[in-house]
Amino acid sequence: MAGSSYGTLFKLTTFGESHGAAIGGIIEGFPANIPIDFALIQNELDRRRPGQSTIVSERNESDKVQFLSGFLNQISTGTAIGFTIPNDNQKSNDYSVLEHSFRPSHADFTYDKKYGIRDHKGGGRSSARETACRVVAGALAKQALTKLNIEFSTYVIQVGSIQLTTDKFYSNTAIESNPVRCPDDALAEKMQALIEQTKKVGDTLGGTIQCIIKNVPIGLGEPVFDKIHAELGKAMLSINAVKGFEIGSGFSAVTMLGSDHNDLFNADGTTQTNYSGGVQGGISNGMPILFRVAFKPVATILKKQSLLGKDGQLDEVAISGRHDACVVPRAVPIVEAMASIVILDFYLRNKSVHL
Amino acid sequence: MAGSSYGTLFKLTTFGESHGAAIGGIIEGFPANIPIDFALIQNELDRRRPGQSTIVSERNESDKVQFLSGFLNQISTGTAIGFTIPNDNQKSNDYSVLEHSFRPSHADFTYDKKYGIRDHKGGGRSSARETACRVVAGALAKQALTKLNIEFSTYVIQVGSIQLTTDKFYSNTAIESNPVRCPDDALAEKMQALIEQTKKVGDTLGGTIQCIIKNVPIGLGEPVFDKIHAELGKAMLSINAVKGFEIGSGFSAVTMLGSDHNDLFNADGTTQTNYSGGVQGGISNGMPILFRVAFKPVATILKKQSLLGKDGQLDEVAISGRHDACVVPRAVPIVEAMASIVILDFYLRNKSVHL
Amino acid sequence: MAGSSYGTLFKLTTFGESHGAAIGGIIEGFPANIPIDFALIQNELDRRRPGQSTIVSERNESDKVQFLSGFLNQISTGTAIGFTIPNDNQKSNDYSVLEHSFRPSHADFTYDKKYGIRDHKGGGRSSARETACRVVAGALAKQALTKLNIEFSTYVIQVGSIQLTTDKFYSNTAIESNPVRCPDDALAEKMQALIEQTKKVGDTLGGTIQCIIKNVPIGLGEPVFDKIHAELGKAMLSINAVKGFEIGSGFSAVTMLGSDHNDLFNADGTTQTNYSGGVQGGISNGMPILFRVAFKPVATILKKQSLLGKDGQLDEVAISGRHDACVVPRAVPIVEAMASIVILDFYLRNKSVHL
Amino acid sequence: MAGSSYGTLFKLTTFGESHGAAIGGIIEGFPANIPIDFALIQNELDRRRPGQSTIVSERNESDKVQFLSGFLNQISTGTAIGFTIPNDNQKSNDYSVLEHSFRPSHADFTYDKKYGIRDHKGGGRSSARETACRVVAGALAKQALTKLNIEFSTYVIQVGSIQLTTDKFYSNTAIESNPVRCPDDALAEKMQALIEQTKKVGDTLGGTIQCIIKNVPIGLGEPVFDKIHAELGKAMLSINAVKGFEIGSGFSAVTMLGSDHNDLFNADGTTQTNYSGGVQGGISNGMPILFRVAFKPVATILKKQSLLGKDGQLDEVAISGRHDACVVPRAVPIVEAMASIVILDFYLRNKSVHL
């Protein structure tokens, strides 16, 4: 109940501060007897790690995951899976100014007030570094889902005001064809230019990620509180910097009429449109699940701004360091990981509907 | 785990189909020794019930809640609170056509496929009627929160394309001054006209509700998965017809720069702006919590549309009946109820942070 | 988390004080599409209810359960099952002396200190009356288990010092052949005489119940904390008046040697002995699950004893009323109900072990 | 839900096989701002580890715990605490015979059948080695409880037929005065002799541990399912080799009369006797909580016995190795750890009873 666990039957529990010895987690409920490709897990971590391209943070974490239990000869045994990711690049001296000060729109202030104590180095527990653990669990979950033929297409559709409007299920090759992870190369180039220019002036940009999930079996989701899109919403909103979530038509549904918005059936149970985003009454209907996640411009900027001291003093400070001008390129594998965790959990939960 | 429970320390579990004998619930973890004003609870139910005005469904449910346990002389005893709400207006014969057919964008199809059986009468378990139970629990929670000086302002900001842009904390008097529950009377009148006109032609409209919560103590929310806005998001997305959720700046954050979006501190720890929506790092920062919830146009329209038969046949049918042309006026107390449940739950959870 | 819920995938939540309008509960996660024999459920309630024979409390509760949701044409729909049991025999005036006094070895004192308020009438929430709700959920669970061929034999093996030593799987007919529910008629007669004689002098007796469960599939139970016998232990110890639980050899294992205690295998995977009680490493091994539950002599005696007043005064009072001289005859269906709940829950949980 | 987590607000999740790289865990909900004496934690691990005396297994695990998060300058920060314990003495070649065979009364057979795969080396996940993680979490919990003045006295009261009858709260000095951890030195000597003699012949012995907890605040425990002794029962029964649990009078209550068993009040709310074991109605009453835990003779014996092959063949095999002839001396810190976890969890849960 203390907040570091996610999921019910498939469950991830994590620990770790950004500048401690290591972060890590425990995965419970991963099904037994599934052969694992560990290189694929590391590959997802590599998609998330800083230092992977010129448009992301230059920090150089290797982010190598070490599994400590739960497998025999690279096959899952059904028991708890423990893992750690060492923190090998902890420039903690960068952060001495934060010991007694709170940055605007960070968690410095709220952690300090909540606990009366906080690890100020690099954001401590509130750092987005913890999302690496989500990627590990999600990459495992995705391998199980792959056996069920469930596929993901997760990509950037907006950076600042540059927007791609589509509901196309792009291949991973298309998504990985540029460092922005926007599958439209022309738009991606513009996005990259905007990110680089914003980075140069020490500022940051928001962005939006779209995730489409194909071949989800009909029937996943539990009425009435654990609707599948409600849980997807929680999963996404729990990622650092996320400010909004919408499923299917989302906020645009507000200006539509019911007669236009209703997804008329085909005779085979599929629908002619998919404003529902693959979910009706909180339960998957077999159409692609489609949702979008809005990220704010991250709060860590290199421009001078006012910090609040513990004694109530306000000081203009320019924090130096290595940060992302726009998080969405690196957030793509995080969104996909959390979606994988949710879908596998509901898949397992749905097995108990019949005796 | 089967989806009919919500919350951790303060927890609501519900049951009931729209045309069964009754719906109801059990509330666990309501603090002991709190005197309850039961009329206030009924008042919230009255704000949600059909038949309350000309712009909502003409169904005439009295929605009288009966408490069966948990109180002594109208004071909470700390034990489980059971309650029922009889269904006194069950025109079940309206629904015979649905026994073998699935309406578009309803849960008929997904329930049938998930369970292999469903109560087709009035949507059964998937009916929004279950939200009456949420209102009961939320109204109780709000009475506890009132003792903590926490206040809510929940109102309609959009119906179709008619939109109110504000972050003002309106009084309940202002909100209740018209049947739309939009505190800007001029806009409310236009919204009402639009709803009435849409109702006349048997169609439906979407809308948006904004909720602002004042005087939330600093420190509510549990890192890293149980961020307070993530849980608010789940709570809202679990309400029937909701398609989107955003906190603070929400989707508009995507086009902002970090240097503009950061909420600079005042010396007292408040902030000059509130793009964060009262939450930093998933934990309340003492500023008003502000979020918006997007509702689709409800799927039940009275126009002719194609139904899918269980045998795969498609038939054009015009369903008659009594329905809402726009749900947001009645959804205001539901949004406020779910927000109350979430806030009280996090308040209680936060008590265990210190020994 | 507030204690009125039991189970994970198959879950019972209850409410109700002994002298309120009704007690009741919500059952989540009962599998869909199972035809229910409601008379069998009532029959289990009848085995538990007071007034059923001369050796139990002469209170005359009809204990009729009313189901409010979750079934269509007497078939389970997979949705939440709500039910109530009206309290139709509330002689609340019997209890006025308790408003300001605490009985020894009751929950009067602890509830009052914990909550600062308590419903004193008939024990309020702490009354064993709540176990009727467990019997309802257990009787439902047992019907699902019957479809899996799982069978129960639950009976009294000890009343006071009169003891039956056996590990025989007795039929329900044998168990129901006498009001004590001890299948050895000669011993049962002695037990009955002892109960009647003890009742006459206003005193009470302890007893022990044994439960044997046949045809439990191999593999139920989740390492490492949710061992099946650990959960059975919790389930039994949560029943009023239970002071001890043992599985298989139980406390007698303490004086055995490993070479004698080990259950040697037969070639088919069954074992020659069953000191393990059907559980190895917390997981069912296919042998009969066998456990015993010790009940104290209930605290409500009709002899004069000292009550503690809220003001710290001690007064000698003889409470009159209608009570059980020995609870084990009526506790047999409660033990069986809780065991049914546990087994069904683990059966459903085990389904997620494989993809 | 997959079984490797224990607790609600104070929660331990563990991972690890006995012969993997490491075991470890994550502790959630430990209160913030508590200075920790890490040597005390290691001391508890040392009390549990093999090789500590001549009467326990001669395996020589150093059992050094490494904390990876959750502390700043040896003060708890309120965030998740990750830790690992390397397995530094993995003689895996000892176990090749077990790859295709099941030992009697071990979890080999049940794990294999449940998961279709198992790590056979040293019992894998079912090994009692995982209890080291419980000791870590319990030792932390105990430091929080010490600040509340709550004290434990946990010791061996029986080995084979040699029994100490007492309800005395012995000091740790008395308990640690001999390797058996029985505070009566004369009896301890006899127990030690019995263990040594049994070890010599390759056999094993059962035993009983008693735990007394002083100064538990009144009011811990949640009605009706989460009674404090029910949860203690589950916690104890989840420890390897435990077959029985009793609180207060326990099984001996069966032969008592209510008029003798009732604990009469003193004017200050304490009681003259403590047959209740410190718990009434599932809630602590301020008297010492007292319970006993029965351990079977462990199944690993060095005598020849019949193993079941996966192909259904039975073979007489004498397993060599390093094992405990009687586990209760080493189980004392495990029992105390689990009790500490339960008490701290209920302490934290009880904080939400009042607003």
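Which chain is which? They are A, B, C and D, in the order written, and residues in each are numbered from 1.
Heads up, the rule we're going with is that a residue touches a chain if its C-beta (ideal position, glycine included) is under 8 Å from a C-beta of that chain, and two chains touch if they have at least 3 such contacts.
Since this is a predicted model, take the numbers as computed values, not measurements.
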Selected interface, B-C versus B-D, where C-beta contact pairs are more numerous: B-C
Most remote chain, CA-based centroid, reference being subunit B: D
Subunit A-subunit B separation of Cα centroids, rounded to whole Å: 26
Centre distance in Å when subunit B and subunit D are each reduced to the mean of their C-alpha atoms: 46
Between subunit B and subunit C, centroid-to-centroid distance (C-alpha), Å: 39
Where subunit D touches two or more other chains at once, by residue number: 1-5, 8-9, 14, 29, 32-33, 78-79, 114-116, 125, 223, 349, 352-354
Of subunit D, residues touching subunit A in the complex: 1-5, 8-9, 11, 13-17, 20-26, 28-29, 32-33, 66, 68-70, 72, 75-82, 84, 114-119, 124-125
Subunit B - residues contacting subunit D, complex: 1, 9-10, 29, 31-34, 78-79, 144, 147-148, 223, 348-349, 351-355
Subunit C to subunit D touching residues, read off their complex: 1-6, 8-9, 14, 102, 104-107, 109-111, 113-116, 125-126, 130, 158, 160-161, 198, 203-208, 218-219, 221-227, 229-231, 233-238, 240, 243-251, 253-259, 261-265, 267-269, 271, 275-277, 280-285, 294-301, 303, 305-308, 312-314, 349-350, 352-354
